[in-house]
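Okay, got some structures for you below.
Shared chain: chain A. Partners: chain B in the first complex, chain C in the second.
On to the complex of A and B.
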């Protein structure tokens, strides 16, 4: 039995989506220059070369987030993951990468795997990451040192874990929004979008 | 599919110049979709509107039209290029206000200059010119752009000096200048750190390297034993081995008759002297491989003995009946057959370094002219509104101007008529 013929279960789907976020966040941090490029190393995944951070603190932080996220994905309680890029000095939000997650909650009841090959899903994920890379064509240059923050939107009744805190939406006023591609594992669907400060030309 | 239309920008991402301020995605979509339409009449109409606005504007801030026009051009022509006319536009804008001192430290005007400099071959000249003219000397953005140019050329010291100059002039906004200066310092120190790391790693690699096929000095007196360590002093000499360096070693010819042709070497000697090589056949145009027709062999005779015992030799051919193939690139340059008298053959000559007209030069010329005009020494005087016709990025004709004025008047009249009517309605 080859892997392409296998269906996908809730657990596998959660893992895949979490993995996508891990690579996606790393890509954005590298692409937008939030961390210096020499702290990244190249790995090959999804048949493309990607940059992964080697900064121990950042790595640790991301692993924590992704592990927690995986749990929530498995429980189907997560709605959104948002990566916010803020100016270090003024704390102004400059970019907002939003990933809307639609969970098919019926997958929690029936454990039967869904019919979708890993290869197709990976193809979809690949095109999303490609598009993230291509956004440099229209995104404004980040001229100041920036920091990033990750926000996760979950269902209301969820208990906030120790390492997390409640926060505002950090929305950019007067923003330009661009929808990126989406992908679905047939259990979780992820829609991507980037918002950035509008140019003052119009 | 909802995202079907959105992939446009991704498909032509290589043709979109990134802008410092980013792009409005709607403008990008529009620009990319209109490109496929061929004659982009909507774009031309908009451009025409800007052009006429430039000429007809009579408010107190003419720079604002230019500002909008330039920004529109940047957004509408994502791939830049000639048809965007951006360089011309910037040049015109920059010259148009070069005499108006109140604009000299207007951030928008300084922005024009910076964009203009970035489009020029020698941006540093432009920045120096700006400084001399006092354009942008109180603007932080001017110093930032100038310093960045120095940094791009690898001159960190000058980049820093530019910032010092900016601080001296109290350029505004001060925070921004300070922040960019800090960022520069951070980059420089990081660079220095990286270089140091690289240097130390270089030293490590300078350890003696084993040369392949090098002759070794043997150890042992009775039996020659090759040494275990085969680097450094253990090597007899490099004569026999493969040369790891590309430097030609011509002193080694003594024990081999073969001189290896080194094309780098001959190029140094220059093509001035034709090399006399006995086997070189003057190339003809027909000298191509496989072109000579096969010939009959049956005519060729073996030397035969006559009855007198002498050998009759077939007369040796004076020339080979075929053209030996000579590679084209191997032609000695001076031996090219030429039918025309070489003294007359001057059709193509090397281009002399022409006086290239840089935008900066044009600018200075114009300023010169302007000064002369002020001094009343002007030789020419155009008796029509030349500035109006030529002021934009494209040229207007008289009729266009007249039409603009006519339409404007019409609109005004109709408005006046409208208000008059309203007033009259109100009376009754």
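On to the complex of A and C.
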């Protein structure tokens, strides 16, 4: 880890961003109540307490996605990661948590580490996750049973792996968007935002 | 226990009532019989009284009749005695009869009860019989079926036996064949041995043959080898011949080599040349590339040029349209400069003109002021003139008046003159006349003066008016001049400037509009991006096939299906229940048909079972009650008949005994069971009359049965005697 203390490499950046997604998705699922709160356990990471799922199916799914995502982050072929929350009764998309990923493709050629300490990156990540937690105050309540899906926007020339398939963008009809904080590892920049369905009362 | 107690009480009461109601007849009869005895004695007494009366009245017949009467008395006494005897006999008989009657009634009751019992039994038996018959029929059917089966089985057995026999025969046959076969087999084995031996011999022969063949093949190989060598030798010979011919050709070849070497050197040189050429070619190629690039650039330039030419054309057009001779930018600039200069000059002109205009305006205003002054003055003059006119007019009137006066005076004077020609007043008068003439002269002079003044003033005003007109004309001309000057100087430049300004404004507006549009589009793009839109040419969206949403959807689908199935099932069930209604049997049948239905029905079945059990237990209870009642009744009647007492339980531990021979219905004995099990006699109206017996049997002998039997005997004797 001595190398990471000095700076950050492409590999380290990909791992860091993938880790952020893992924690971020977990906390969204916990905060939005997609899975019951008793299936989550408390862990401390980024100097803050976070919720991680204990549901074996969900765990398996998330590890599958995150490992694949790490690969793509390393190849700099991923553009967006979107967490879509769908209402099961009406099949309507209610929320879209979008993480735009800007890859610095020049990092692929030059393997020299970038000058940015892990601590500052983690600080940025922490503030993003805090903001995700805070969004619950203004997002409309999910009253019906919902399920989530993870969409990955990739470059067109990417070969889709066996387990994956193409999907629609799952755009919300009549949405309100809120931009959240962003963070950068100086190789990958992640802009986060949430779009939610406009309710009639609002 | 309470229930049984109640029943016993009820039954005892009932029986007692029946008992009570029955024996009334005989008692009445008894009374009648007792009454008849009493009448007899009365009768006798009356007879005696009658006899006494008769004796008083018929003393004389007394003696006659005394004997007769004594005989009659004797006979009457005998008859009375006989009658009494007969009465007592009949009473006794009657009592016997009553007893018998009671017994018979009891018997009848019992018989009736028995009959009802029997009928019940009979009905039960009949039912049982029917059930048994049904069973029997079922059993018969089964028996028949079994018989038929048995028959079939027997038939099959016989057939099987036949088969077995056949099989045995076959087996025997086969045994026979097997033995034959074994025999054959032995023979064949012997033959086989023989064959084997033959085979061994043959194999030996074969081996020898093979050895021979191998030697033969070796020979053949040798032959072939030799043949090959021969061929090789022949080939060698041919080669040698060819070599020889080639050797003959060697000098030629050497020449050729030399030539080739020359060629080689030449080629080498040429190769060097070639490399040089190649370099050149490369250089040329590069040049070509550069040329191409330059060509492209040229094309681009041409395009640009065209664009520029277009622009130029536009400019030229503009020039043409504006009527200026613009061919080059310098022209344009020159033109512009010229225009600017011209503009400046014009502006200067303009300024000059405007200053002139201003000065003119100032002078005009001054002139106006003057004019107004002049106007004022003319007005004053006019007023003066008017005043003078009026004055003149008045003066003329006065002159007229004076002339008239003068004329009058003259006439008067003339008259005077005529009258007083040359009188003393004439000098005076002439003086006065002269004086008047002088005054007239003066006024006339004044008048003319005034007139002259008036004409002068009029002339002056006319002059002023003329001046005013002149000034006005001047002003107008100046104004016209000014307007024309302004028009003429800025006519061209202003138009141009206006056009250019308008164009600039238009362009500015367009630029702003485009900027706004651009902003809006950027905003929209941003918004689309935020909403998750993407460029399908550059991006593709992927997700895991097995994602939680699809899994959840699938699960939900399955749930819905299962629920729908259940709903249809339940709907059917409800329908069937509605159809079934009261028909429990058909309900059961449907349950048998539909397994799902029977699954949901066990509770009702259980309930039915329980209900059946309950019914049977209730029935059993009822039966037991009936039996107990019957037995108790029987026991009680037996007790009653044997002991002569009807025992009733009035309250807890209190027993009331009523004798068969009791004289009154309410004559009864009351016993109380003590805590230690001993019975104590309670005091009743009836027991009070039995003081002796109580003292003797209870206090002395201490035996209740003895007391009771004594009471019975006493009552019996009381009833039978009299």
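Just so we're on the same page, the second predicted complex is superposed on the first by the 195 of 202 C-alpha atoms of A that agree within 3 Å, B and C clash if a C-alpha of one lies under 4 Å from a C-alpha of the other, contacts with A are read in each partner's own complex, and residues count from 1 in each chain.
In this section, a residue touches a chain if its C-beta (ideal position, glycine included) is under 8 Å from a C-beta of that chain, and two chains touch if they have at least 3 such contacts.
Given the structure is predicted, the values throughout are model-derived calculations rather than measurements.
**Q** Once chain A of both complexes is superposed, is A:141 in touch with chain B (first), chain C (second), both, or neither?
**A** first
**Q** Mind working out whether A:197 is in touch with chain B, chain C, both or neither, as first, second, both or neither?
**A** first
**Q** Considering only touches as defined above, state whether A:56 meets chain B (first), chain C (second), both or neither.
**A** In the superposition, A:56 contacts neither chain B nor chain C.
**Q** For A:171, decide between first (touching chain B), second (touching chain C), both and neither.
**A** second
**Q** For A:163, decide between first (touching chain B), second (touching chain C), both and neither.
**A** So A:163 only meets chain C here.
**Q** Look at A:181 in the shared chain and tell me whether it touches chain B only, chain C only, both, or neither; answer first, second, both or neither.
**A** first
**Q** Using the touch criterion from the header, give the chain among chain B and chain C with more contacted residues in chain A.
**A** Per-residue touch count on chain A favours C.
**Q** Considering only the touch criterion stated at the top, classify A:150 as touching first (chain B), second (chain C), both, or neither.
**A** After superposition on chain A, A:150 lies in contact with chain C alone.
**Q** Taking the superposition on A as described, I'd like to know which of chain B and chain C A:96 touches: first, second, both or neither.
**A** In the superposed model, A:96 contacts chain C only, not chain B.
**Q** For chain A, which residues lie in the overlap of the chain B contacts and the chain C contacts?
**A** Of chain A, residues 145, 177, 179 contact chain B in one complex and chain C in the other.
**Q** Considering only the defined contacts, which chain A positions touch chain B in the complex?
**A** 36, 38, 89, 130-131, 134, 136-141, 143-145, 176-182, 196-202
**Q** Can you name the residues of chain C that touch chain A in the complex?
**A** Its residues touching chain A are 527, 529-534, 537-553, 556.
**Q** Which part of chain B faces chain A closely enough to touch in the complex?
**A** Residue list for chain B touching chain A: 2-3, 6-7, 9-10, 13, 16, 18-25, 27-28, 68, 71-72, 74-75, 78, 179-180, 183, 190, 194.
**Q** Write out the stretch or stretches of chain A touching chain C in their complex.
**A** Touch list, chain A to chain C: 57-58, 61, 64-65, 79-80, 82, 84, 86, 88, 91, 96, 98, 100, 145, 147-156, 158, 160, 163-172, 175, 177, 179, 193, 195.
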